[in-house]
Amino acid sequence: MARFFKNRSAVQGKSPGELIFIGRQKVDSVKIRMIQYDESFIEETAGDTLAEVLKNRKEECITWLDITGLHDTETIAAVGAEFRIHSLTLEDIINTGQRPKVEEFDQYISIIVKMMRLETSDEKIHSEQLAIIMGENYVITFQERPGDVFDPVRERLRAMKGRSRRSGSDYLAYALLDTIFDNYLILIERLGEQIESIEPMLLDNPGAEIISLINEYRRELHFLRASIRPARDAIRDFSRLESDIISPSTFIFLRDLNDLATQADEAMETYREMLKDQLDSYSATSGNRLNEIIKFLTVFSAIFIPLSLLAGIYGTNFAHVPEFQLRYGYYFFWGFLVVVATIMIIFFKRKKWL
Amino acid sequence: MARFFKNRSAVQGKSPGELIFIGRQKVDSVKIRMIQYDESFIEETAGDTLAEVLKNRKEECITWLDITGLHDTETIAAVGAEFRIHSLTLEDIINTGQRPKVEEFDQYISIIVKMMRLETSDEKIHSEQLAIIMGENYVITFQERPGDVFDPVRERLRAMKGRSRRSGSDYLAYALLDTIFDNYLILIERLGEQIESIEPMLLDNPGAEIISLINEYRRELHFLRASIRPARDAIRDFSRLESDIISPSTFIFLRDLNDLATQADEAMETYREMLKDQLDSYSATSGNRLNEIIKFLTVFSAIFIPLSLLAGIYGTNFAHVPEFQLRYGYYFFWGFLVVVATIMIIFFKRKKWL
Amino acid sequence: MARFFKNRSAVQGKSPGELIFIGRQKVDSVKIRMIQYDESFIEETAGDTLAEVLKNRKEECITWLDITGLHDTETIAAVGAEFRIHSLTLEDIINTGQRPKVEEFDQYISIIVKMMRLETSDEKIHSEQLAIIMGENYVITFQERPGDVFDPVRERLRAMKGRSRRSGSDYLAYALLDTIFDNYLILIERLGEQIESIEPMLLDNPGAEIISLINEYRRELHFLRASIRPARDAIRDFSRLESDIISPSTFIFLRDLNDLATQADEAMETYREMLKDQLDSYSATSGNRLNEIIKFLTVFSAIFIPLSLLAGIYGTNFAHVPEFQLRYGYYFFWGFLVVVATIMIIFFKRKKWL
Amino acid sequence: MARFFKNRSAVQGKSPGELIFIGRQKVDSVKIRMIQYDESFIEETAGDTLAEVLKNRKEECITWLDITGLHDTETIAAVGAEFRIHSLTLEDIINTGQRPKVEEFDQYISIIVKMMRLETSDEKIHSEQLAIIMGENYVITFQERPGDVFDPVRERLRAMKGRSRRSGSDYLAYALLDTIFDNYLILIERLGEQIESIEPMLLDNPGAEIISLINEYRRELHFLRASIRPARDAIRDFSRLESDIISPSTFIFLRDLNDLATQADEAMETYREMLKDQLDSYSATSGNRLNEIIKFLTVFSAIFIPLSLLAGIYGTNFAHVPEFQLRYGYYFFWGFLVVVATIMIIFFKRKKWL
Amino acid sequence: MARFFKNRSAVQGKSPGELIFIGRQKVDSVKIRMIQYDESFIEETAGDTLAEVLKNRKEECITWLDITGLHDTETIAAVGAEFRIHSLTLEDIINTGQRPKVEEFDQYISIIVKMMRLETSDEKIHSEQLAIIMGENYVITFQERPGDVFDPVRERLRAMKGRSRRSGSDYLAYALLDTIFDNYLILIERLGEQIESIEPMLLDNPGAEIISLINEYRRELHFLRASIRPARDAIRDFSRLESDIISPSTFIFLRDLNDLATQADEAMETYREMLKDQLDSYSATSGNRLNEIIKFLTVFSAIFIPLSLLAGIYGTNFAHVPEFQLRYGYYFFWGFLVVVATIMIIFFKRKKWL
């Protein structure tokens, strides 16, 4: 399957707004977690069905509803009905091949991004789609599978640290996005370290394996960029929205997020150019080494070729070769070889090939 | 004929707005199909002439008039007269070399795009021009030849599924465009899979056939891009039109279409860069292999060349060569060969060429 | 003389607005043709002097004054005086190295473009500067030499076909520009066919002549682009002018012209990239072939070099070489050669060089 | 550690706005210096704690508070409290991996740039983050470590030279930025001299060391650009702010700063392209030299190969070789060698390989 | 010294607005020339000090004050005081490393450009900074050294030709800039001719000297572009200024200047791409020639290698070689050589290497 696309063919011919899960099913059952809080109060609920979880929802608190597992379209539809979410938004949520984007609706703002993290177990980048629905007093997050990067946010909520508990749903959404973008930067930083470590290898005698290394990093950057660049555009759109849901004091934070996104994008661009430069350098070095080798072959051959001819000439079996009968013919012959070789060497020294 | 142009010379010197069919005639006769529907009613009519089909048109329904075959300029002109279509629009419809575009007129919006699909029979991309005229309560589509990608839309209309039947002509036009763009993404996905499958081949010992493969995919991308990029621009213009014909609720769908188009364009750009990277890698690998081969040749030759000279020297027929008479001359000679070869090998080991 | 410049040095130090003819004199005498028409009337007059032609001008008709030959600055100055044309415009008209542009003045709009056509006699692109002055009820065209692409426009005027006779001077100007841009597209189409026909040649064994072909097409594209891209910008400016001289109904046509210009530009860009891709492919193929040849040389040499050494060794004239006296020494020697050759071949088979 | 990132992982999971020092600790203790001045008065105070320094602050003067050392988050927090600085700004100040930026807050403008200078001791570029907080009547600068480029500004303040003492805090901020950008230009100038000095080396016989030189300069440019380009953007934003803190007369100076930044950016771009051109030239020259060497090898080998064959043929031991018995056979043989060699030489002269 | 920078280090640490001459001192003493004129009157005065020249200034005339030599900062300061010029402007005037720019002040507009001309004596491009201060009724020009391109403007003023004498100081400033831009175009034209003349050389057998030629032209273009591109930006800003100093009728001329600048920039871009294309072609041709040479070497060697082996085999001294005793052994041997050579030739013909 193409890495940059998620099985688009599955939706072919379906009505826009119809709910079909696109992506591999990654969990057995849907998990729903709800955190409700205000400045003085916090409560966490978890369950398997929406009704079960929502029944003790307190409207006056900020509610963070976190749904893991997208294959159960019924649950998604139930959330949609409960929070009056547009069918197109629901379609975007379960179609995990979405381009990151921010869209404003009457009652809420929908944010689709890729959540990426470096799995410590296998040093691979794990990527999944995250949808954030941010309403007046609630935030709903939809994840493809268990495990996310939001534990620090939860910790801060529980610990009453920072401004989380005092602020509204817009600040919560910002905090989630901030965590996601921080992870982008960490990924790029790791990749960058590896890319910069290629540099000294270029000065040594690099073989073909460096090309496949460069190639692999390029593909990783393509992959990251396909997620991060649209996310940056989405964040820019986000920080320009004139929505009542976002309080003015949050805009300063969004501006900060915007800077983070720009920094990520610039770093990726810089690393792309560095990889290009490295391949150029490799090619130039490789061409240079070819010249060295060929020059050696040429000089070496050119010195010996006339000598061999001389040996060949005096290996002929002509009946009357006067040199053969000379007393010191053989020694003259050796002397001749030395003279010819010396002339060739001087010639190549003059040519600067030696 | 140039693949990126459709016989432009044919219109040379014709008055703008005059109707001349440009393109190969692909059908024998014109086919006209009409679907009329509202929330409670649906009727399909088909025929060969416009008058025949239109005679039972119901003005209060949404009418989708689908005309297949553009060579019969009389029929096109009759449609133009019936729906008061500007002569320039009619010219665009039958001139199948048009750049995709959206144009707003007083009574209607005209949309020209390329409809592309992967023919399952021959795995080739088939492309034809599709013109959509969208008026207050009607949509007219003009196709070059039978067979299109709209069957799912028809099915949904018949089945009363989705919002199709409840919405106006603007939603129908959107649904048609959505189907077309879905097909673009499917095409790019397929191409992308093939492009990504080149990657592992680069690590093996690739021959010239990989270059022609890369070249072919590049041309396919050029071809797709020449249709899809202007289509993306057209959709952007479309979603910004402030026309009474488009109802506000449809704009959300157009925004979605816009995202689809952007995603398609970004994917094409990514694949273009991947192909460029692959060719770069190929060249670097190829240069590297050249170095390996030449190094082998050089080392191998350089070891044997002095040995051959020695053999040549002792093949000379000088009368007085003291070595010839030595009891173990021949064995000393062999020993000498081994010593020289060993020195050469050590020399190349030091040089890191071995 | 530089192909992309027209003898700029000639104007050095002249006052801006002074009339100096730049370009080669291409006609002996100036020819002036006038077509006057309204919906019911058309009259063509020709002559050598302006006074002679203009004396029976009818102010109530649309007048198309076509002046061929720019070296007679007196005539140009007379036209300027008659129609109150700004001195800078007159300078632009006779300085044939102008960048295509559209400029609005109080009384008129001046349009400078390059008129290009494929001369059927020699298959060369002929380019000359065309200036169009479009006023309330007149259009004046200035050509460098006889022969133009406007005959179809004249035919339509005479035949009362299309909307030409019913429309004003703005439509006439549009029709002339439309003809010029149609010719651009035809030129690009021709060039494109030739460029696309290079593609299959790349798969065969192409020599250096394909490089000079690619180079030539690149230069042609540079040349075309230097004229067409500014013309596209000019047309865009034109379609955005808010001038009383242009009637609203003409704007739809200008929008169409704009599309034509954009299509021309995109096609040129696509062909430029295709040529770049082709040269890349050529280089990669060429590098690949080099590898093949060198590999052959290496394998072939490496098989024979040890054999030759063996022959050399048994060609030495040592007095005591035991092998020489063996009964089947010569046959053993042959066997030895075959064994060594076989080992080498197996070695290269293993290395995948054979 | 990646050179383009500062240990991003350290903030992972921290609340935005929490103060964590990112970067290596470069000083032992924090140093605080304060300069207060108006047109007639100037006073310099230094100390280790904020309270100590601030106790004799005169509100009616312009205050420049310069804090060196960012690891003591308590001092930073104290400054933040004293001057009511937003927590996000404080976070930016101590997180030394910030992208250069300008942000407007209600009470102040925050400016983050990189301060770079060429350390004369080791000819290395030293870079540190500088944060400038500019309020109504104060400027606060935060440096990572002792030593800066601001001595000339201090000198001018003390000497009452220029307009420094007569102007407000906005002019002081401008003067600091101007000094920083002047240093950028000096760095680029130095780098540029070195890059331009590569040019003549290309004409000589350059080896692989020139590639690593080009590569090194490229990396330096990447590094400079990663700091200077965002700084340019920041300055542009700065000169467009409509803040009451900036007096109209200062805008002329900001415009000047903007030009400086643009000039720096253009120069970097030019040098990047020059390096690219130089590597291209190097590759072309290297390819050319390869051709020369191979041509020599080919011509040289091709002349000698037939001669060697002839010698070999007359070295065979056939019993009946008529030439062997000829009186002047050996001399004829030599003549034959000369004739064959001459033919080969003429052949290569014709081919223009000699 | 870096060619693209003018000794920036000299201003390091100086107060912005302080007058320090940057650049090499090119004249011994300052020369001041003044031309005063109105429609009916013209007077030229020259002198060494400002006071001397200005004492008979007539306020009601247009005054063109031309100051040659910038090292005498006192004179510059005196001019600044007399015409109330901002200190930043004065700094820009004597700092000859300025980026071309246009800045509007209350009383005047300052224009900084590079004046370039082809010195006929040595065919080198001479470049110096020109500052134009344009006020209500005066124009002041500051040149680095004697000799400029303005003689035609002076001639026209004296001769009362053109509109110079009738127009205000804005037209004079335009006329000066027009002359400067005309010289840019002439320089680019010359360079272009030389670049286009490389093209036919590529088809012949070009050596390394063509690379250094291409490289040199590239550097010239970099140099021109560094001056002309910012000048183009400056002119665009200029033609958009809404200053009372510029009369409406002059805007048409500025628009024209704008076109000139755009044309210059496009031409430079085209020539840059042509040089890039030429280097690509050179590399491809060079690679192609390498293939030809190597193919020759391979075919030639491969034909002779087996023949040499055969000669070697029959040069061995085995006691019992039956072929040696054959009557026509030697002739069979020759026949054998011919057969093997023919087989090789057929083999290579089949392979299309011959």
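For reference, chains read A, B, C, D and E in written order, and residue numbers begin at 1 within each chain.
Methods note: a residue touches a chain if its C-beta (ideal position, glycine included) is under 8 Å from a C-beta of that chain, and two chains touch if they have at least 3 such contacts.
From a predicted model like this one, the values you see are computed outputs, not experimental measurements.
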item	value
Fewest hops from chain A to chain C - one hop per pair of touching chains	2
Neighbouring chains common to chain A and chain E, by label	D
Whole-Å gap between the CA centroids of chain B and chain E	41
Centroid spacing, where centroids are CA-atom means, of chain B and chain C in whole angstrom	25
Contacts with two or more other chains, residues of chain B listed in rising order	283, 287, 289-290, 294, 297, 301, 308, 312, 315-317, 321
Graph class of chain-chain contacts, one of line, ring, star, complete, other	ring
Neighbour-by-neighbour ring order, given that chain A leads and chain D comes next	A, D, E, C, B
Residue ranges of chain A in contact with chain B within the complex	1-5, 8-9, 11-18, 86-88, 92, 98-99, 101, 103, 105, 205, 207-208, 211-212, 214-215, 218-219, 222, 225-226, 229-230, 279, 282-283, 286-287, 289-290, 293-294, 296-297, 300-301, 304, 307-308, 311-312, 314-317, 321, 323-330, 333-334, 337
Parts of chain C lying in touch with chain B, wherever the complex brings them together	151-152, 155-156, 161-164, 174-175, 178-179, 182-183, 185-186, 188-190, 192-193, 196, 199, 202-203, 252-253, 255-256, 259, 262-263, 266-267, 270-271, 273-274, 277-278, 280-281, 283-285, 287-291, 294-295, 297-298, 301-302, 305-306, 308-309, 312-313, 315-322, 352-353
